[in-house]
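Okay, so here's the structure we're looking at.
So that you can tell them apart, the chains are marked A, B, C, D and E in the order they are listed, and the count of residues begins at 1 in each.
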Amino acid sequence: MSDKRIPVSKSDTLMNDEMLSSLRPPGLAWYALIAFLGAVVAWGLFAFGYQITRGMYVTGLDRPVMWGLYIVNFVFWVGLSHSGTMVSAILRLSQANWRRPILRAAEAMTVFSISVAGLFPLIHLGRNWVFFYLIPYPNQRGLWPNFRSPLLWDAMAITTYIIGSVLFLYLGMLPDLAVVRDRSSGWRHALFRLLALGWRGTAHEWTVYHKASTLMAALIIPVAVSVHSIVAWDFAVTVVPGWHSTIFPPYFVIGAILSGVAAVITLMIIIRRAFHLEEYLTPLHFDNMGKLLLVISLLWSYAYFVEVQTTWYAHEPIEWEVFSFMSGRYTVPLLVMLLGNSLLPITALCFKRVRRSIGAMLVITLLVNVGMLIERFLIIVPSLSHKNMPFVWGSYRPSWVELSITAAAFAGFALLYAFFVKLFPMVALSDVRELEARSVSVPLGRAELPSIAGKE
Amino acid sequence: MEKLTSPYKWGMVIDLDRCTGCGACVVACQAENNVAICDKKEIAEGRNMHWLRIERFWVGEYPDVRVRFLPVMCQHCHDAPCEPVCPVYASYHNPDGLNGQVYNRCVGTRYCGNNCPYAVRVFNFYQHEWPKPLENQLSPDITVRPRGVMEKCSFCIQRIRRVKETAKGEGRLIRDGEVQPACAQTCPAEALTFGNMADPESRAARLARSPRGFQLLEQLGTHPSVIYLKGGGREHVG
Amino acid sequence: MKRRTFLQLSGMTAAGALLAGCQSKNEKLIPYLIGPDEGVTPGRATYYASSCAFCPAGCGILVRESEGRAKKIEGNPDHPVNRGRLCARGQAVLQELYHPDRLQQPLKRSGARGSGEFTRITWAEGLGLLTAKLKELQQEHSTDGLALLTPQLSGSLATLVTAFMRSFGSSRHVSYELLAPDWLRLADRQTFGQAGLPFYDLAETRYLLSFGADFVENHLSPVQYGNAFGRMRQGRDTVRGHFTYIGGRMSLTCASADRWMPARPGSEGALALGMARLILEEKLHDKSALAANGLRPEELLGRLKPYDLPRVADMTGLAKESIAEVAREFAGTGPSLALAGESVAFQSNGPESVRAIQLLNMLAGSLNRPGGIYPAAAPSGPDNSFTQLMALIESMQAGRIKLALIKGDPVHAIPPATGFQQALDKVPFCVSFATLLDDSALQADLILPDHAALESWGDVEPLAGSRRPLYGLMQPVVMPLHDTRQFGDVLLAAASQLGGAPAAALPQKSWLEFLKGTVAKRVSGKMGEKFEARWVDLLRRGGQFESNRGPDNVYRRASASSLPDPARPRFAGDETQYPLHLQVYPSSAFTDGRGAPFPWLQQLPDPMSCVVWDSWIEINPVTAAGLGISQGDLVEVASPRGSLRLPAVIYPGIRPDLVAIPLGQGHKGGGRYARERGVNPLALLVLVEGSEHQPAWNATRVRLTRVSKSGELVTAGHPQGSYRSDLIGI
Amino acid sequence: MKSSWLIVGLVFAAGLLAVALLLLYSLPLEISDRSPVQPIAFSHKVHAGANGIPCLYCHRYAPVSSSAGIPALADCRACHLFISPDSPEIRKLMAYWDKRAAIPWVRVNTLPDHVYFPHMMHIRAKVDCSVCHGAVATMERIGRTATLKMGWCLGCHRRHKASIDCWTCHI
Amino acid sequence: MEILGVFADVESAGRAVDGLLGEGFTEAQVTSLSSVPYPDGVLAKTGRHNTWFHWLALLGGIGGACAGFLLAAGTAWVYPVQTGDKPIIALYPTAIVTYEFTMLFAMIGAIVGMLLEMKLPSLKKRLYDPAIAEGCIGISLSIHPGGEAVICEAGVRPEECIGPVSSLSAAEQKERAEEVMRAAGVLRIIGEVQP
């Protein structure tokens, strides 16, 4: 069903103007935002510097809780990075046309969140200054890293995913860059001319481009799945009670998609509001995304149920100890998590009115991500604090340094995004205009231009 | 590929029936291995650096109450969960069956610490210092670990190295009882016996065959080199 | 000695760089001025045999030394007392040597007493001051105004001190120690007519019955008995010795017992007699042994009439069946052994109870047999130094003491109930020979710092560690770090400066010379070439461990010995107002407090409570619940004498009517690691004198109140996890 | 766009990358002086070279200990009481002796932290001193010749079938 | 030589293409420039449905698999360090690393291949008009005067890639083409920039 509110009647120039509105010179609000985010990031950098000069004792970590908020952050941000792949690649392959206005936002989010995620293992290191021991390269020590370690798999997977998602983002942006090139002047023109690589939009280029996009989409989905599976293996391959679980990889992938999709919706709402893209991001999109979120939330609930249920039934003492400890000490977070990830989305998103209500979607999607952050915390911390040896059970409370760096991660992500928005086309305008062009059936002498928009 | 074999498989037998929980081994270990002195705050934060601890469990209620002591040091598992997870080979398996920790190499991911089910790995959260002239007590045979690295019991590798060097110089193998970690050496009740498990006639190997023997968290399949012998415990209540 | 020269000028950087740091600067390589002796190789450790003087057990030690610095203390495998083993405290003595707050030179008080304000002086000044004071006493013809307070001494130092005091003309040498086994000597004298100490053949016994004797942590010779305990349990192929512990608090020793009988405090003697009666009634006793000791069963049984099972059960609060069972097992499983310990002795009926326990050994025929009890070759000691102390305090109060020389830390270790601390204020001049600015040194007018143990010469006669006489030698393993002098040297220097009788009695130039003289006497040789070789040999081995003289001493009941009668114990404090008994027990790490300055011991979790760096009070969970106290709460303990605040430890192994506080903390001085840490429970104790004027330090009653949530208690073990051994299946 | 700029840019980028890789290769950096000035201009060339004194004559602990040892001041003095006692450098030596002060030699061959290097094991294995220390007999002032990097040590251990267990050197 | 006609909409551009083909130019000589993709054949027929760049992706994948395997297995084999009773060359870890490298190199291969096949980035200045970005359609015609060497795709006969008008001179061809474009309603025609 073609939605009538898609602006079929607009001229291409007008559409370009509207969709590239984010590239207009920034206002005071933008500068204020940048200043604020920059301050938060600077504070986080100070906190990190403090940690490097003082030592890891400035964190709340101890024995046995040797991983804390940094790894929670790592898993969370890797999870967010699944948004772009999910929205862009999967929906591209399944030819869901409503994806078009949001795919750029989602892809950019992938790149930035995986980059932020990639920083956390480094921040987390006890000796950050010898991080290069982790890189496989020929060196004068004659020793290579241990590829049997899941952390190396992580490093490989995240590198692959960062490169892959940057390529994917760039690939999707290539025709748009040409458009921006043609509309810009000065240093921007020089930059975009460089980035557009001389794209002209010949029929041949478009043909290859389409095939390449499809191929990349097909390639990046397994990478995305592997990335979060590997993150899950960091935990699942250990002998830590509560971690050593075969459900973890699919559970993590589902959780990642859940938080990713929710984050994309949140981002859609913000971008829609900030750049007045109401006509391009319509309630239809929210409706569709809402349905997707509903399905994933159901899947997540299923996975969570399976995990707890099997542990409860088997009742292996120490495993169950971890779960009872979790529900005892962390009752409130646990309930928030269940509400945010499962109960609220599943009940609310059944209703079309909720799905099409921007305000309700904002609340729900934010809660989903709060829930996902808590979920990661509840996976990592209770298990570690209640490990196999009861005599050395411990507890964990993040310190101000860890909280500052977490805040800086969010701010840094937002900062990158704010710059990206001002520099690059935020809406995939070729894709949107393609849909626009195709929604009109054009009788030509030699061929009939098919209206594929109607297929939706 | 070099051969990774050795005539030694070091192991320890801890007789819980002998262990009185006195703590001599804890101090011996601390003295031998330059283990940092941790103040009250540090221990309150859960950052005690002891490589060897004596766990004390209360069982039952007054008056039918009993105490169980369990000295826990690195179990030097043959299938050590800490080793493969280290991305930089800082934790590795020594040909003698020991679980090695290389401080230069350690970058401080603390993954090994998480994956050690025995929680015997300690992390240098602090840069520890010894107020002068207390630093004189530091043994030159073993390094002082900087902050940011993991450390743990090595079965007093420096002692093993010295004896190995001597034995090699004399062209023979290490004799049973020739090398002892500091904890086993000092244990008043002789609850700790260290030896070469590859030699079936060594004292440790003979003790390890005791029907009282068990391994800690055996179900995890880590195959520790430390064999515990069950304590008698109290049969009666009065 | 050439080695000493090398030690002085040592200091090559170690082979493996010690501390991590930036590699941008080239290190310095400092060579020796003079090469080391033959046999000493830089980079390789050297071992020196010596003796541990931390506690009177006198274990043999080997000190590992590298690059001229002592690195570690290990047990001397040749020493018969500890057989190469060493306790935590003995190893921590290393930290006395390198303690950052050690006294580095003589000090003279410049502020008020106890203010800790001192000025540095030279040894010449310090010694001058001391001899001036001594001379003053001589001129005033009040040489008895000199008091010397020391721990219980043995070997040459005891000889020297005695000679010094006698030649000076003072009789006031008091060597009081809270934990000294005076009570055991007394019991031995009363029962066997000889004031010695027993040697328990724990390793060979099959049934061990300990009445509050905590031989694993503190009783007599803990390393020796810890070792023997291990052999008793698993050292024999077919026999596993059984161990029953009697006492209101589950001590570390008790934790290893097979059976715990938490008898009411003060009722242990009655329990022993109850068992004795049952053994006699059931004719389970060793008839020949009884006869050899001149006892007739019928007569004995008659005298034990009052201790029938129901009454004993009532007195002790234990079940009749278990008392009977233990009595039968004890008598029926030979060889068996009954020990009496401090917690029993420190009751008002303590000496009687200890004798009652000795009676059990007699009944079971455990005297002078393997797995039983022998007289030990122990150094002689007072059997009631407490009365001497009280007499001294009285003199001090009366102002008769003009000069007090203090070795050890009596200000911390003597219960204030004796009035010692106030009495000390009345002494115009106090001299301390401390190594650290401890509580007593803070009160001193002059501090003449002693060497650390590892810098000292000396000899040690192990306390009750062997049946054969033996002694260990102490030798300095490093050059003195600071400008300190050994106590013996100071006394000798003072004697020579005084001239007259002291100088004549003590002509030796140095403490080493004096020591060699006494050792020479002991090896029945004279000083000379031949002795020098022998001396070096003794030093190399760490002492004289074999004796050609066999252990001929045996136990036989003295005919004059009366039967013990542990009457109902008396307690200080009204039962309604102070409902709980207080047991003050020596901490397994600090004993009476001398271990507190050493960070290794502070960091060592208490084996039973797992507390580190602090004091605590142990409360039964039921009692605690009744008072609304939970683990880590700050509680106030009030006795008729005073009150203290300290954190609570919920302790399942203690009688509900008993609370316990370890000794050792609560120092005002003692260096950075001990100062202002925890509390000294001695402040709570009321002076209750028991029979034979023995002090009953466990006879105080207290009351508990919860103060707040934050006791700042730090334990090494997780409070809940400590109850979950089920999770690891042990 | 001028292609010359592009080429310059590419070359610059390639250069930067090469420098970065080189830096990465040689990390961690070791920037101590390879041939520091010593407090006394002791010449190995004269002692070991011209006079042919064997290494172990002075560094006598090498066969028995982990550290080779440097001669005690008394040992230097013992010879130089008779041999050229008036040269300015020997005067310096004697001045140290008179002050009873140790000579603060500067370490040349430094190993990274946490590395245990037993000299005696290498002597026992008949490794020539010059393998690590270079041709000392030709050096007027001692300088470091080998990299003493782990890869270098490993190479030698591999060639000689010595242990490559990490704990051989890192304890 | 190339000329570019810029058209306001698809219809006029389509007419121009029809006209050009009618004039005797071949499909291969005509291509469309647009900022929005139109299905192949709507304007110009590329006649090339078979792209080859995905083979490069495959090649990259194979190369990546080798690199990954060598890195994971080779480095472990060169310096064997035993860890936790796991084999030196362990199956699953090697597989994971191999997989990641396969995917990475395949993705890079795909993008590089795509660019190569598109002949991008092009350093040559080519005919273009910024109005195309605003929705205009460019119709580009390459003019080959008779006798000029023309490189056709493999297996394609020269007649198929050069139309019959090639017998005319370049100027004449250009004139005819401009005529057709003007008839179709071209906005402007841009000739090749003369060097």
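Quick note on the criterion: a contact is a pair of C-beta atoms (placed from the backbone, for glycine too) under 8 Å apart; a residue touches a chain by one contact, two chains touch by 3 or more.
Note that the structure is a prediction, hence the values are computed from the model and not measured.
Note on connectivity: the fewest steps through touching chains from subunit A to subunit D is 1. Ranking every chain by how far its Cα centroid lies from the centroid of subunit E, the top place goes to C. If you compare C-D with A-C, the chain pair joined by more contacting C-beta pairs is C-D.
Comparing chain C-alpha centroids with the centroid of the full set of protein C-alpha atoms picks out B as the closest.
If you average the CA atoms of subunit A and of subunit B, the two centres end up 44 Å from each other. Subunit B and subunit C, compared by their mean Cα positions, are separated by 30 Å.
Distance between subunit D and subunit E, defined via averaged C-alpha coordinates, is recorded as 62 Å. Chain geometry summary: the mean Cα position of subunit B and that of subunit E are 66 Å apart.
Residue positions of subunit D touching 2 or more other chains, listed in rising order: 1, 28, 112-116, 118, 154, 164, 166, 171.
Shared contact sites, meaning residues of subunit A that touch two or more other chains, fall at 130, 142-143, 145-146, 148-149, 152, 388-389, 391-392, 394.
Annotation for subunit B: residues 2, 48, 53, 55-57, 70, 81, 84, 86, 89, 92, 94-95, 105, 141-143, 146, 217 touch two or more other chains.
The part of subunit A that touches subunit C in the complex is made up of residues 317-318, 321, 388-394.
For subunit C in complex with subunit A, the residues that touch the partner chain are 717-718, 720-722, 724-728. By the touch rule above, subunit B contacts subunit C in their complex via residues 15-24, 26-28, 30-32, 37-40, 43-44, 48, 50, 53-63, 65-70, 131-146, 182, 185-191, 216-217, 228-230, 232-238. Subunit E contributes residues 77, 80-86, 88, 90 to its touches with subunit B in the complex.
Residue ranges on subunit A touching subunit E, taken from their complex, read 11-13, 16, 136, 142-149, 152-153, 156-157, 159-160, 163-164, 167-168, 170-171, 175, 178-179, 181-183, 197-212, 215-216, 219-220, 222-223, 226, 230, 430, 433-434, 436-437, 442, 444-447, 449-450.
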